[in-house]
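Below are two complexes that have chain A in common, paired first with chain B and then with chain C.
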Partner chain A sequence: MKKINRFKAGMASFCFILPALLVVGLLLFYPVVSSLFYSFTSKHLIKSGCEFVWFENYVRILRDEEFWSAFLTSIKWTAASLLGQVMVGFTAALALNRIRRGRGLYRTVLIIPWAFPSIILALSWKWILNGVFGFLPNFLVKIGLCDTAPQFFSNSNLVFPTLVFINVWFGAPLIMVNVLSALQTVPQDQYEAAQLDGASPWQSFVHITLPHIRVVVGLLMVLRTIWVFNNFDTIYLITGGGPAGLTQTMPIYAYNTGWGLKQLGRSSAVTVVLLIFLLLVCMLYFKLLDKWEQEGA
Partner chain B sequence: MANKKALRRGWFGRTVSYVYLTVLSVAAAFPLLWILLSSVKGKGEMTGDPTAFLPKAFTLDNYTTVIGQLGFGGNIVNSVVVAFSTTLIAVAVSALGAYGVVRFFPRFGKKITRVLITTYMFPPILLAVPYSIVMGKAGLMNNRGGLIIVYLSFSVPYAIWLLVGFFQTVPLEIEEAARVDGAGKLQVFAQVVLPIVAPGLVAVAIYTFINAWNEFLYSLILMNSSGKMTVAVALKSLEGQEVMDWGVMMAAAALVVIPSVLFFMLIQKKIAYGLAAGSVK
Partner chain C sequence: MKKALSLFLSAAMLLSVLAACSPQPGTGHTSPPSGAPGSDQPAQSSAPADLEGEITFWHSFTQGARLETIQAAADQFMADNPGVKINIETFSWADFYTKWTTGLSTGNVPDMSSALSTQVVEMIDAGAILPVDSLVDDIGRDQFYQNAITEMTAEDGSCYGVPLYSNTEALWYRTDLLEKYDLAVPTTWEELYEAAKVITDGENGNAFGLAMPMGTNDMMATLWLHLYVRSAGETLLTEDGRANLTSKTVIDGINYWLKVYNECSPQDSIHYNASDEATLFYQGKLAFDFNTGFQISGVEANAPELLDKLDCAAIPRVNGGDPETGCLTTNIPVVIWKNSKHPEICAAFIKYLYDPARYVDFLLSVPVGMMPALKGVTENETYQSNEIVQNFQHANEVLYQMLGGSTSIGMEYGPKAEAGLLTSQRVIENMFQDIIINGTDVETAAAEAEAKLNELFETVG
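Up next is the complex of A and B:
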């Protein structure tokens, strides 16, 4: 009798998490397995039916120069964006933490970019930086910094830094808000004690602030790396991977293979490689995070 | 002596901080401001003087064109329906799930961050392939229901992450007291726990709504007939048209971005708290 009651209680508890498990299982884990399956087939976007082709898709993409240049672009894009986002986000959080008056107002204005949908992110910057009627190119000419309006999206030297700038603009607020809330958990008396001992602000920062917030910041870095690496919208909507494939990242390469060339099987192979690479990178991150946590943060 | 030095340093640091934050704020606010200003300028104003700030002749023509001639109203309805339904389902599923994990499966709860990060790692473009195949087979292409199902894939893990942080703040004693009074698990959850976390729940719901409203890739792949498109994809197709009027585009952009920004400002503090609390194991 007791056993039955315990079983019943267990079932009731399980019912709470069942819907969430179904969503995660059916909408996340099952599609990954199914993508893995399709990556070994000749699945076509429109034609029905497909053959099992073993590793043909993988051999084909690994031999494709475009794949490797997209891979390299992805790494550059992720590293540069992340570096910029962390630098701007971190310094903004430190500045916000320092001021007294107007903190709420600054914070509210500074998070505006975070709320931007990718399509608006793309449209607004395309309009501001438009080579003919855009505000900024014309402004630069007007104040005499440039002779002719700079072409931010078609000049092959400018396009990549421009995209990184836009991505930093968009992503820095998230870093800022999270670092700020982590900063506020650092006990104030430690700073006072350090100051009494004659520690410089830099010393306090390195020995008190950083050890306190590094786990949160580390986790944030993991999440941002994943997000930027997987991000499709921003570049697709601004340059579409152009000019001449210069800004084509892995997700865009996968999209063009699957929906441009209609080779869904091969596109799956690209995305599986993408996932494997991310898993490897994140394992390294987690090793580091575990070490920090054991050291006590 | 040391105190005076510290005071001076504090004054200098604060001034630098104010200057830096002001520069950043201008950069953060400018695109939104420019969208709004461009959307109310008259025809030819922007091509005449691209750096002029304020409109010479204020007009709402661009907005009437967007709603009247381009049928953007229908796209807005699509987006609202999809985002609202996604939010309702995702919050219900996630609230049950997050509470269940926190209260009944705490051992699993320790691992939940890692599980959620693993699902976060799955590239949306990877998921897009099976989604388009399955939805094609099920006849759910160009169907709002299909899109809502797909949107649960990113909204549920996010909402669980945030909600776990909020549920952890509910003291066990309150629930036990209700339990002694003979209330069942679901009753305790609905009548005791939910009211306590209501502010957090509302914030998560709004955040889910914004994310669904903003989504682009899945909508691009699943909704390709113009009547069924969500606002993001409709804007993209508007941009692809041969005669593009930036004033009209910016009016449409304003209609899409303003709800996002306003809602987001309302809930930013709660979301930041939830993100931090959810990441603590």
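Up next is the complex of A and C:
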């Protein structure tokens, strides 16, 4: 009788997790396995049939200068965007945490960038920064900061920092909201005790605030690293990876290979390399998070 | 445990990102028996009374008036044929390309669709569409302009698309700006540069003579280089399907457009696509532009105050004495997909669209912009009495003059799959950007781009 009940309970548990298993299995693993499979083939986007080429796609992409250039751009793009987003988001969260009145309103206003589809944001920034009729370049000339309208998207020195700025503007609110939530969980009595012991605000921040929120920030970094590294739409819609490949990141390279050249096999190989790289980065992050958790415990 | 869970979740998320890039397996290229859906049997138009079934029509006629005209035709067709249901789905040209190329492997393609002539070659190459010779004969093969039919004809001699309309490129200009600077309409490339320079210098940043578009999201730089090269009697794609970017004419063309970019264009035009270019014109900040007759509807919708200051001229020539010839015409056909379960309904509906009154209505949804694929339609009374047609008689004449003998880019020696790669891979746009941003020598950049294109061409055919 006991055995039957245990079996029934087991079946019930299995039924509860079955939908999730199916979703993960069908929507995640199947396409990924097929991607891995195609990376070893000559699969073409519109031509039927393909043959096994084993590691030929990997060899080709790893020998391609454009691939390495895109890889380096992706790393710069991710590092600069993350640094900017964390700094701005963190500062905004600390400021909002001090505000007693209208915190909800500020939080809502600051999260607005997340409410818009990326195509609207990209086209809006393209409009605002247009070198001929854009508001900002003409405004900078008007107030005398520049002699001629700055060309944010065509000047080779400005285009990359401009895209990073847009990405920081877009991504910082997410960091802000999450850090703010974490800040509100820090016990106030610890601050009071530190104050009584004569700790400075900086010491309170380093020894009380940071240890409490670093796990949240760490997890956010993991998520944002993956999202920013794989970001496609912002760059593609604004510069298309140009001028002269200066803003071509790995996802754009993969897209051009798969959808431009229609070489799906090669494009799949790019995405597999991307997966391996990001998994390695995530492992490093988690190692660090684990260390922090242990220290916290 | 927490660590393992976190690792699992992040791995799952990474995989989901990858999944977006993953191709979907599927055959999509099966060969059902002759006569069944998906067979190679040519599409036949049959008597409307026999028709029963449901078809899906993808088209890229996204502007309001064109969309409504096609919908009205479909509604009327369904009223005349109660057993028929036509589902219309509309996509931009870029989305349409993505839809059919990705849909082909899973069989998710429509029964019939509009297409670009360069895409028709790819569709034939992929074995995705049906020959439509009997339908073309039924409508009247002799009535179609020959060039349009030739572009839809495969090596086996079968025609795979029914040309619906054409559009051809011309030089559009602002009459008020020419008057302001006392300039004549340019007839040679050098005159165009000089006029553009005078206007750019005179307007001091408020307006520009030209805006050489080189964005890698579009094929505009290829198109503009093609105009120069074609006007000199050469082509970017040779008869044997090789890229030509290193001949003296092409190098001259590249140098010409670089001079225009440096002296007459906004610096930002290095990343302009067609839409950016049009926006600048609608803002009243551009004196010259290359476009089809769609320029009129664009200006009418976005900057009606410029409508009476708009006219067009023939594509400039290298030398004043050279003949004025058309350089670029895009033919838009309708095709029937091999996967269709009801090719007979598609054929009947296509034929229905060519009913004289209905066809003129369709063309007039973008007057002057859509040029008829059938001869003699412009003499139709309704067509002639249209206000835009009347107001832009000169532009209309120029466009018809440009239409004669010109083809799509890369189709000068007949349909070629390489033509699609020439325009879609942005090799020429990247070449221009490389010269400007990295200071690469013109000859070196052109030779590299030519080699890259020839390497790409080896993936087709």
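Everything that follows uses one rule, which is that the second predicted complex is superposed on the first by the 293 of 297 C-alpha atoms of A that agree within 3 Å, B and C clash if a C-alpha of one lies under 4 Å from a C-alpha of the other, contacts with A are read in each partner's own complex, and residues count from 1 in each chain.
We take it that contacts are C-beta pairs under 8 Å (C-beta built on N, C-alpha and C of every residue); 3 or more make two chains touch, one makes a residue touch a chain.
Computed from a predicted model, the values in this text were never measured in an experiment.
Overlay on chain A: chain B and chain C clash in the combined arrangement.
Using the contact criterion defined above for the overlaid structures, shared-chain residue A:G245 touches chain C, although it does not reach chain B. Once the two complexes are overlaid on the shared chain, A:G131 sits against chain C while remaining clear of chain B. Look at A:V23: by the touch rule set out above, it reaches chain B but stays clear of chain C. In the superposition on chain A, the chain among chain B and chain C reaching more residues of chain A is B. In the superposed model, A:W169 lies in contact with chain B only, and not with chain C. Of the two partner chains placed around the shared chain by superposition, chain C is the only one that A:Q151 touches, whereas chain B remains out of contact.
By the touch criterion defined above, A:N230 lies against chain B and chain C together after alignment on the C-alpha atoms of chain A. Within the superposed three-chain model, A:P161 lies out of touch with both chain B and chain C [touch as defined at top].
In the superposed pair of complexes, A:I112 makes contact with chain B only, with no contact to chain C.
In the overlay built on the shared chain, the residue A:A182 is in contact with chain B alone; chain C does not reach it. Note on the superposed arrangement: chain B collides with the chain C stretch 6-14, while the other options among 6-14, 186-194 or 240-248 stay free of clashes.
24, 27-29, 31-32, 34-35, 38, 43, 45, 130, 133, 219, 222-223, 226, 230, 251, 254-255, 258-259, 264, 267-268, 271-272, 274-275, 278-279, 282, 286 are the residues of chain A that lie in the contact sets of both chain B and chain C, per the superposition on chain A.
Contacts from chain C toward chain A in the complex involve residues 2-3, 6-7, 10-19, 21-25, 27-29, 98, 101-102, 104-105, 122, 125-128, 205, 208, 214-217, 266-271, 273, 276, 280, 283, 285, 424-426, 429-430, 433-434, 436-438, 456, 459. On chain A, the positions that touch chain B within their shared complex are 9, 12-14, 16-17, 19-21, 23-24, 27-32, 34-35, 38, 43, 45, 88, 91-92, 94-96, 98-100, 102, 106-120, 123-125, 127-128, 130, 133-135, 138-139, 142, 169, 173, 177-178, 180-182, 195, 198, 201, 216, 219, 222-223, 226-227, 230, 232-233, 237, 251, 254-255, 258-259, 264, 267-268, 271-272, 274-275, 278-279, 282, 286. Remark: chain B residues 2, 6, 9, 13-14, 16-18, 20-21, 24-25, 27-32, 34-35, 38, 46-47, 50-51, 92-94, 96-101, 103-105, 114-115, 117, 119-134, 149-150, 152-153, 156-157, 160, 184-186, 189, 210, 213-214, 216-217, 221, 231-233, 235-236, 239, 246, 249-250, 253, 256-257, 260-261, 263-265, 268, 272-273, 275-276, 279 touch chain A in the complex.
Per the touch definition, chain A reaches chain C in the complex via residues 24, 27-29, 31-32, 34-35, 38, 43, 45-49, 126, 130-133, 148-149, 151, 153-156, 219, 222-223, 226, 230, 236, 239-246, 251, 254-255, 258-264, 267-268, 271-272, 274-275, 278-279, 282-283, 286, 289-290, 293.
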